[in-house]
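Here the structure is laid out as structure tokens; the discussion comes afterwards.
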């Protein structure tokens, strides 16, 4: 029943690197305000920021066997995405697995469960976004799937989708949409440079975005004193 | 239906600065153990610490339009306090709004919802106490009120109340009580200097606070070995 | 009804220091994957790491009186473990109590409740693992027990058990088992040095742990393309 | 420091009874979508539904002393509203207090904490909306205020405001606005009778509310097959 | 950007009815222990149980406009599945929408948000599985998609998948797998009849499932007294 | 490593039945306000109420193998208490296991995890107090201990302790203390009969418990109007 898919699509390095540079908030906006994983997935250290191709790994609760299987499928530039089949916060991942993944060029881990050895992972500079920090060890008894689509942090992740993760959390970009999203992010960011300058100069969003008329139409009223 | 109140009372700068220096725990105690906002409002970076006059801003879930309206009402020394009309953790606030508020002299943001761009906010030194870090973008469709009383983090905030916020969280001081609270905090802190010295010298709280007799009256018993 | 037990067993300093050096994850594994306290007990600053003998302190909700009683029972090298009789996140502990405990040689605090003054505690280097950061002050009205067994963070703590705490959380080691656990941890860590080197050299866990055959027996299948 | 206010405004019985009949959802809408208490306040049995004048009672964590003080201030038709000064789920209220309140004509209890003896309360027909069901007993040591404004379930409650509570939760109506809200609710409900008949007859909301044009303007597109 | 897909696959009535009869636990097991939605999706009344074809509806936080759009796409035998684009517990759905859906033959609602008017829905016999009961009203300003795949309660739902829901929660069965899952469930249930009889007769699972040998191999030991 | 202890102490039937009749709140008070399990352990149906001797069962996350082992150790009048070694809400227990336990005379289940088939369990009248209702199936791979002490719902449970459970939740009474607690509960209940009569007659707790003087000493003040 359990499958490992060897070949998955991967976006071009240039696109992935561009998405990493834009960061989660910009990428999320650029693709139409979609793709965020749940806010409970927090980085173990800050600042941090990576992007990479998703290798997906389904695990049983309290069982990290499949992470070893998934490690073999990872290539330089990948991000490993792990989700349990039911809610669990055990420490599926620690410094040995991080050493292994780092040696294979993996850029980080997204795990809808727990992580441990975070002092060492911090020293190593191996970033992890997790639901919990918890040292609880795992068994190796039950199979799962590697590189099939899964839901992590409430978002669907397909193998080969681009994962963007930074201090703000984690966002997924569909593999086929990654170049277009990178372009849209580029435009958005260019646009923001000018806006930032205007805000620094004291211009209000009310004026910059020409909001006053529509606010009045909707019925906003100003009074000098509290009623 | 939606109102913006232009004029609100503000405490004197000296009182506000004094409250900032005492910090949340001391101010909370000095005013009779009241005024704390919920513990889930956490700062995006540490150490941090500000005080300022509250400008209040009510927003709809997933809609940050009114923050632009509120920005215009802020003056140097203010703290913006934002609460949604129902629970929401979307990213109402990011680096552009922070740039705008900072340009207006706003000292920080308290938001019973999410915030994004926290790496940039950290670099800017613009402190935010929020319920979540989440990049989810907002729409601009629904009005709310600015500078009417609201509940944020389970505490009533009136416009012009003094907000004190630091690593320990957030506390509100009523505008009319701020001078008296600052005085009480000053006395409390003076009192603590001596206590701290005694604790450093090894004196026990049991003796410093003369607790032994009352503990015995209540029935506390000492035994040498576990029963 | 309320008791303070004066004499409790304490592990040898050498054993305690060894456990501190191994850290939570290794100690937890070395004793058979048991002893962890709940993951919601997080350190107020990082990196951090201590071990010590547990002095246990039961408190009423919103009432920190017994912490003063417990302070007297602490000796150099101890770790104070505080749990309320029902869930509470009030700020039972701040800089004055930390000053007192530090003067007595206490190495840290584990509290299934809230803590405050964390900026000062961080400066002092007094580590605390707590359920919340919350400035809410406490009363001193109700007794509890000191140095009787209690449940903290979902784990049973006996007075004199060894507490190990670091960035990964908190683990308890039974007093009588501490020397054996330290030995087992030593072996485990020695074993990991070699593993780490192999992982760094690119060896896969699949091969290092000889997992391939058992995975195949369980039914794992590899395919080149997604089905 | 602690105050009991003896005289509070109360809305007319007719207005209160009307609001009870409309129920929480209708009243909440009729007053402009405001006034709801947090959704975690759930009734101990269903169906249920009351309205009454709020008598407010602030309690310390784990301490139900002030409920006895508040009981004396209750009159027939009142609803008691209890909130702790910091989060607590202890069982502040059980069958004896319910017997006392029922004897005084109190219609129900809203408590941002725990309740116990719910089997008996159910048999008695004394409704309670609470945060938890928990048998944990309380002490009687610390004062609080009765009939001062407080925040319960994230909403500001003034003494004498009208509380409406049913299977859907709890809503507060300001004392001064109660007659107008009752009128608005009456209109809303009349309006809904016709709508319900049309929905039963198969009319779509799209047509009843004439939504199709505005949806198209906003950009909604229909396709026969998934893209 | 927002799409409504008019034609979706639907499983045969016989298959759907069979899955309804087996219930969530059996169906979940029969398809290899997958497909469950999160446990926080609870029914508003019990007992309850339905199955139907999923019509999916994405909504903005605090905005139920698209439910009206989705209603038109529903046919007799469908189950409406609603998920917000970010976490929200507002009351998206009440008695008017339920009347409309019931008139169209919809069998129930799964909503990763709040519901209201539950007393009326209970009387109507219209079952809802929701994250919250909350009366908070919604606006109608922002578009979403209807009948595109979405994640609800942490599970991927494709339009036309079969939803099975009862007292135990909610399970999704892929449209293409539904007949095979119904067959597997039939076998599983037949198998359980005999097991139930044996358990009733006092046979132990240890013997019925022949577990004793494998337990011993794994190292289970029996002792007469606690060590 | 994993042990099953065959012989455990059990309280006398008369004591157990008496404790069942008093119920959780009274028993908890009678033994000095201790022994409650966490409030998140809720019964699957109401009203309900049992007491029995605890048979304890430790399970791995997502693995219910040991429940079969524990079943053999249960005798008529027992209550099975199950806790996972790390947080898990999988459906460890359903109608087949309930049939087996009921055939052995077991009175109910306390499980710090999930349960399924609750419609059938309700029909059978087999009560369960659980953390979640969730159909997620379990594997049978990992051993645990039966009849060793464990922590369930934050409370220490020794094998043979008396478990009392009803609509209010779950309470544990130490085996050795059970007769004394039953006596104390009897006195408490007798005492409450008179109190209840007085409350019904309109006597206030303020007078019944002679609280007025102490309240005044603590500083409670009455005013006619809000300040």
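We just call them A, B, C, D, E and F in the order they show up, numbering each chain from 1.
One rule holds in what follows: a contact is a pair of C-beta atoms (placed from the backbone, for glycine too) under 8 Å apart; a residue touches a chain by one contact, two chains touch by 3 or more.
This one's a predicted model, so the numbers in the text were calculated from it and none came from an experiment.
S.K.: Quick one: which chains contact chain C and chain F both?
M.R.: Joint contacts, listed by label: A, D.
S.K.: Calculate how many whole Å lie between the centre of chain C and the centre of chain E, each centre taken as the average of the chain's C-alpha atoms.
M.R.: Distance between chain centres, rounded to whole Å: 40 Å.
S.K.: Suppose each chain is reduced to the average of its Cα coordinates; what separation in Å results between chain D and chain F?
M.R.: Centre separation, chain D to chain F: 30 Å.
S.K.: Mind pulling the residue numbers of chain C that touch at least two other chains?
M.R.: Touching at least two other chains: 1, 33, 36, 85-87, 89, 134, 136.
S.K.: What pairs of chains are touching here?
M.R.: A-B, A-C, A-E, A-F, B-C, B-D, B-E, C-D, C-F, D-E, D-F, E-F
S.K.: Which of the residues in chain A end up touching chain E in this complex?
M.R.: 1, 32-34, 36, 38, 85-87, 149, 151, 154-156
S.K.: How about chain F: which of its residues touch chain A in the complex?
M.R.: Within the complex, chain F contacts chain A at residues 60-63, 85-90, 134, 136, 139, 141-142.
S.K.: Quick check on the complex: what are the chain E residues that touch chain F?
M.R.: Of all residues in chain E, those touching chain F are 23-25, 28-29, 33, 36, 39, 42, 46-47, 49, 166-169, 171, 192, 195-196, 199-206, 209, 211, 215, 218-227.
S.K.: Where on chain F is chain E touching in the complex?
M.R.: Per the touch definition, chain F meets chain E at residues 1-8, 65, 68-69, 71-72, 89, 91, 94-97, 99-100, 103-104, 114, 116-119, 122, 132-137, 140, 143, 147-148, 159.
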